[in-house]
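Here is the structure we will look at, set down as C-alpha cells.
Order of writing sets the chain letters: A, B, C and D. Residues in each chain are counted from 1.
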Amino acid sequence: MSARIGVVTFPGTLDDRDAARAVRIAGGEPVELWHGDDDIKGVDAVILPGGFSYGDYLRCGAISRFAPVMNSIIDGAKGGLPVLGICNGFQILVESHLLPGALMRNESRHFICRDQKLRIENADSMWTRDYFTNQEIVVPLKNGEGNYFADPSTLDMLEGEGRVVARYLDVNPNGSARDIAGIRNERGNVVGLMPHPEHAVESLTGPTTEGLPFFTSVLTSLVSA
Amino acid sequence: MARVVVDVMLKPEILDPQGRAVQGALGRLGLSGVADVRQGKQFVIQVDGDLSGDRLALMHKLAEELLSNPVIENYSLTVEADA
Amino acid sequence: MTDTVAAAQAHPEAPQPFAELGLKPDEYERIREILGRRPTSSELAMYSVMWSEHCSYKSSKVHLRQFGEKAPKTDALLVGIGENAGVVDIGDGWAVTFKVESHNHPSYVEPYQGAATGVGGIVRDIISMGARPLAVMDPLRFGPLDAPDTRRVLPGIVSGIGGYGNCLGLPNIGGEVVFDPTYLGNPLVNALCVGSMRHEDIHLASAKGVGNLVVLYGARTGGDGIGGVSVLASETFDADGPAKRPSVQVGDPFMEKLLIEATLEVLHAGLVEGIQDLGGAGISCATSELASNGDGGMHVWLDRVLLRDKTLSPEEILMSESQERMCAIVTPAKLDEFMSLIKKWDVEAVVIGEVNASGRLTVDWHGEQIVDVPPRSVAHDGPIYERPFHRPSWQDALQADTPDSLPRPTDGEQLRATLINLIGAPNLASKAWITDQYDRYVLGNTVLAQPEDAGMIRVDETTGRGVAISTDCNGRYAKLDPYNGARLALAESYRNVSVAGAKPLAVTNCLNFGSPEDPEVMWQFSEACRGLADGCLELGVPVTGGNVSFYNQTGDTAILPTPVVGVLAVIDNVDKRTPMAWSAEGQVVYVLGDTRDEFAGSEWAHHVHGHLGGLPPVVDLQRERVLSEVLVTASSAGIVAAAHDISDGGIAITLTEMAMKSGIGVKAAVPADLDPFVFCFAESTGRAIAVVTPAHEAAFVASCAAAGLPATRLGETGGDAVEITGQFSAPIVELRRSHEATIPAIFAN
Amino acid sequence: MARVVVDVMLKPEILDPQGRAVQGALGRLGLSGVADVRQGKQFVIQVDGDLSGDRLALMHKLAEELLSNPVIENYSLTVEADA
C-alpha cells in the first residue's frame, strides 16, 4: 500500500491540485485535508502547498497558522510527522514557529515568476534524501514575499547544523539572506521551501522534472522508517 | 532634524479586503465585538534640517501624490521636531 | 425620501436628472412610454446603466449582427453569441468557453485596481457558464514607452493584472504589449479568460421556474463604481476634477477565488437552475437579464441585500459595481444545501428575490414598491442607433503615402544594424519584465506560455486533449485599412495557434475604438466588423462573443482602431504540440509562404522612420487555411520540430526570436529571387518558419508540395549567431542585449 | 466603543526595501535631506463595548502574535475611547 500524503487546502490555497498530482506521480496517494478540520485522517506526511491563503492580506501565512488543521499538524511535526511547506506553506511554517526566521517582501518589490537554479545543500532530510548533496536543479519559483530573513546567529546555526536545504544559484531572486531557498528543522522531518518542485514533475508542463525527488524522498523515508 | 509620520488609509467608502481578513481572524481568535478593521500604511520619514515653509508644503504634496493615491486613499501628516 | 411607483403615479411631472445619468431626451421619452408614467428614480437608474453604450451596445449592435448572420456552419458551437460567453465543443465530451473584455477607462483612472477588476470581471463571466477557469491572457496597449504617463500606468496595470490573477490561481499564458502614441491617455487593458467544463455542466443565465429563489452571494455591496458604467465606460473621460469622479472599484481576488470554488461546488452538486455574474450595472443587470431570459417575472426585496455601506440608497444599490458577486436561481427545496455549500467557503449569501409569472421585474424597498418594469425593456430592448459613418477625408491621402521612398539599408552592415535596432524596439523587445510578474505555472497544465506564439493548456490529463489561444491586432494596419486590418488580426491569431499544432475552432474579439459619435471612427468600426465577419466566414471559424469599447480618444484624436481578435484552437494531444524554437544543431529551416515587398504599417517603417501610410500587407485567407492545415497535420504526424509565425518585423526578427529562445544560432540564405532587405524585414502574411530534422525533411517538404504551399529551404541551425549568408552575422548575445534592455531601462530601478 | 490603533514597523536593524524606494523617490521629486524612510502598517480597529482587563490583554497578545511578526517587526498599540 502506498503512503498517504495529506495536502492541505486553506481558503486561497492555489497549488493543492499540483501538489496532489506530484504525490501521485511519485507513487504516493494524495489525501485532501481541509483547513477547518483538525482531523488529519491518519496521513503519513503532510504538504502545505503554495497559494495566497486568506489572500496573504496581513502577512503571508499569518492567518492560516491559526487554522484548526494546523494544531494537528504542529503536534504531528513535533512528533516526527514529515511536513513540507512550499512557498505559502513555508510562510505558514515560519509563522507557526516550526521553522525559524521570516519571509519578507522581495527586494525588487515585485512578484517574480522564473525558472530558478538551485543547489540541494543537504540530502539529509525526509524530503531531500533522493537528491545527492550539491545536486543542481532547476524548478519554477514564483512569489512576492520570498525574501528569507533570520538574525545572524540563527543563520549561523542553520548553516552550522546543515539545515539549509537548498540555495539559489546564479540569481538571488528575492534578496534572501545567504541565498537561502529552503531550510529544515533539527530533526529533518519539517522542510520549508520557497521554489515550487511540484511544478517540475512532468516534462510537458515544467521546465524540468527535477522537482520530483522531493516527493519520492518522503516515500523512501516512510518505507525505511 | 524632523520626524514626519504619514498615515495613509483607504477612504471609508472603498473596500478594504485586508481589513476584512484581519477582522475575521481577530474574531476567530476570540476577540469579541470587532466592528470594523481598516488596514493602512505608515511612513516614518527622517528629514535633515528644519521642515517648514516650502519644504513642508512639498512634503504635503508628496504625501498626497506619491505616498498615497488620492483616488482611493486619504493621508494624514504630522511633523515632530526631533533632537 | 425614497421615490416609489406610487409616487411616480401621483407626481407624474416631477423633473428628473436623466441627462446627468447619460440618457438622451428621446431615450427618456421612450422609458416614459414603456412604463406609461415617469420612471421612479430607481427605474431611471436601472434604465440609464442598462441603456448605456457599455451595457446595451446601442451604437455597435447593428454592425455586430453580421457575426451571427455570416456565421460559418460548424458543429463546434454549443452556445453562441448572446450569452455571457460562447461555448465550443472540443471533443470527448469537453466544452470550452472563452471571452475577452476591456477595462480601458477604469485602468487609466486607477491602473492597479482598474486592471485587477478587469481580470476579475472576465473570470466571473467564465464561471457563470459553469466552467472552471483555466487561464487568463492580457492584450495591452500603451502610449510611447518613454512617456511619463506610461511610467505611471504600465507598472500599475501590470501589477494589477498579476496581483489579481496570481492570487486567484490562474496562469497567465499570453497577451500583447504594444506601444503607440495614440494610446497615451487611452491605454487599453483587455483581459481574456478561458475555462472548461463537461458538456452536461453548461449553465445559462436564465431565471426559470415560478417560485424559484434568487440568491445573491459573494462580497457585500458597497459604493464601488456607482455611475461607473454610464459615466466611465460610455462618455469620454474628462478631468473635471476629482469631485465628479465616480468611486473606483476595488478588487478582492481572495474573495473571487472562494467564489470560483463555491460556485463550482454548487453547480456540480446540481443545486443551481440559472446563474449570472454581476459586472457592469450590478444588480440591475443581473436581475433584468435573468428575468428577461427566463419565465419573465421576478420580484426582488432590495433591502435584503447585504451592504458594506449602510448609507447606500436603493438607486445606488441597484447601480453598484461592487466586485466578486454572483447571482443564482435556486429551487426552494435545494436552498439549504446551496447555502451550506456556499458557507463552507466562508462566503455570504442571501435570498433577495423570487421568480414569478408576472412578466414584470418588481423591486421592493422596505415594503414599498420602487421598480415595476418589463425586464426585456431593460435588458434587451434598449435603444439601437444607426450612427452615421463615412470614410475619413484623410483615408485616401494616408493610403497614398506609401513607404516606398523611405531610405532602406543597402549593405550587410546596415542590415545587421537594422536587426539589432529593431529587436530592441519597444514593440519587439522582450516583455519579460512584465510577464515575469505573472504566474504561468499554477494549476500545472500550462504547456505553452509567453513568449510562444500561442498559450496552450492541457484540459484533460488522461488523454492530453488541450486548447491553444492567441490574441492579436496590428492597429497600424487597421488604421490604413480597417476592413483588412481586422482580417489581418484574425489571420495572425489563426496562424499563431496553428504553428503550435492546434486546429482553430472559434473566435472572440474586443473591439477598441474612438468615439462612435464621430462618423469617421464609426466607419472604422463598421469596416472592422465587416472584415472580421467576412474573414471568419471564409476561414470557417465562428465568432462566439466579444466586447466593444468606444470613446477611447483624447479630444479629437482617436486611438488606432484596435480590433483585438482571439482565436481558440484544439489539439488532441498536447504532447504533440510544436514549440517555437529549434532544439538542436543541424535542424533544417524552411520558410513557408511568399515574401513580397510589403512595408506599409510595418515595424520597420514605424520604429526606424516614424512612418505610417500605404496599404497593409495583402491578406490571403485561403493561404492561411492551407498553412494551418499543413502545420497542424505535420505536428500530429510528428514531422515538424519547431515552427514560428512570421509577423511584426519579418523573417529576420522571427529567426532571431527562435535563436534567442533556443540558445542555438542559425545560418540562413536569402532566396535567389529576393532582395536581402525585403527578405529580412517585409511583413507579408501567410508565412511561418518551420524547422525539421533531416530525417523528416523529405516527408515535410512533400506535405507542403501536396498542399500547394511554397516551402523554401533557408539553411540550418547551429553556431551562436543569426547569420544571413553573404550579408551579416549577429551574435545571439548581442541580439539578446538589445532585446532585453529596452523595457527594464525604463521601469527597473 | 473603543478605537484601537496598532502601528507595526520593521525592526530598525532590518533592511526595508520599500522604505528605501520611497526615500529615493522623495529625493528625485525634490525633497532634500531625507535621511531615512521606514514603511510600516497601521491597523485601525473599532471594538464594541469597553476594552479593558482581559479583553485588552487579548488585544495586546493579538497585536503581537497576529498583527505583527515578532521576528522582524515591533508594534505599538493605543486605545482611544470613543463616543
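What we mean here is this: a contact is a pair of C-beta atoms (placed from the backbone, for glycine too) under 8 Å apart; a residue touches a chain by one contact, two chains touch by 3 or more.
Keep in mind that this is a model prediction, so the values were computed, not measured.
Q: Could you name all chains that are in contact with subunit A and with subunit B at the same time?
A: Where subunit A and subunit B share a partner, that partner set is C, D.
Q: When contacts are scored as defined above, which chain pair ends up with more C-beta pairs, B-C or A-C?
A: Between B-C and A-C, the larger count of C-beta pairs in contact belongs to A-C.
Q: I'd like to verify one number: the distance from the centre of subunit C to the centre of subunit D, where each centre is the average of its C-alpha atoms, in whole angstrom.
A: The answer is 41 Å.
Q: Subunit A to subunit C: how many Å between their CA centres?
A: 36
Q: At what distance in angstrom does the C-alpha mean of subunit D lie from that of subunit A?
A: Centre-to-centre distance between subunit A and subunit D: 30 Å.
Q: Would you pick out the residues of subunit A that each touch at least 2 other chains?
A: In subunit A, the residues touching two or more other chains are 54-55, 57-58, 62-63, 66.
Q: Send over the residues of subunit B in touch with two or more other chains.
A: Touching at least two other chains: 17, 21-22, 24-25, 29, 39.
Q: Two or more other chains in contact with one residue: find those residues in subunit C.
A: 252, 254-255, 346
Q: Between which chains is there touch?
A: Pairs satisfying the touch definition: A-B, A-C, A-D, B-C, B-D.
Q: Flag every residue of subunit C that touches subunit B in the complex, lowest number first.
A: It is residues 109-110, 113, 219, 222-224, 242, 245, 247-248, 250, 252, 254-255, 308-309, 322-323, 346 of subunit C that touch subunit B.
Q: Which of the residues in subunit B come into contact with subunit D in the complex?
A: Result: residues 1, 7, 9, 19, 22, 25-26, 29-49, 55, 58-59, 62, 66-67 of subunit B touch subunit D.
Q: In the complex formed with subunit A, which residues of subunit C make contact?
A: So the residues of subunit C in touch with subunit A come to 159, 162-163, 166-169, 252-255, 257-258, 345-346, 435-447, 458, 461, 574-575.
Q: Looking at the complex, which residues from subunit B come into contact with subunit A?
A: So the residues of subunit B in touch with subunit A come to 17-18, 21-22, 24-25, 28-29, 39.
Q: Within the complex, which stretch of subunit A touches subunit B?
A: 54-55, 57-58, 62-63, 66
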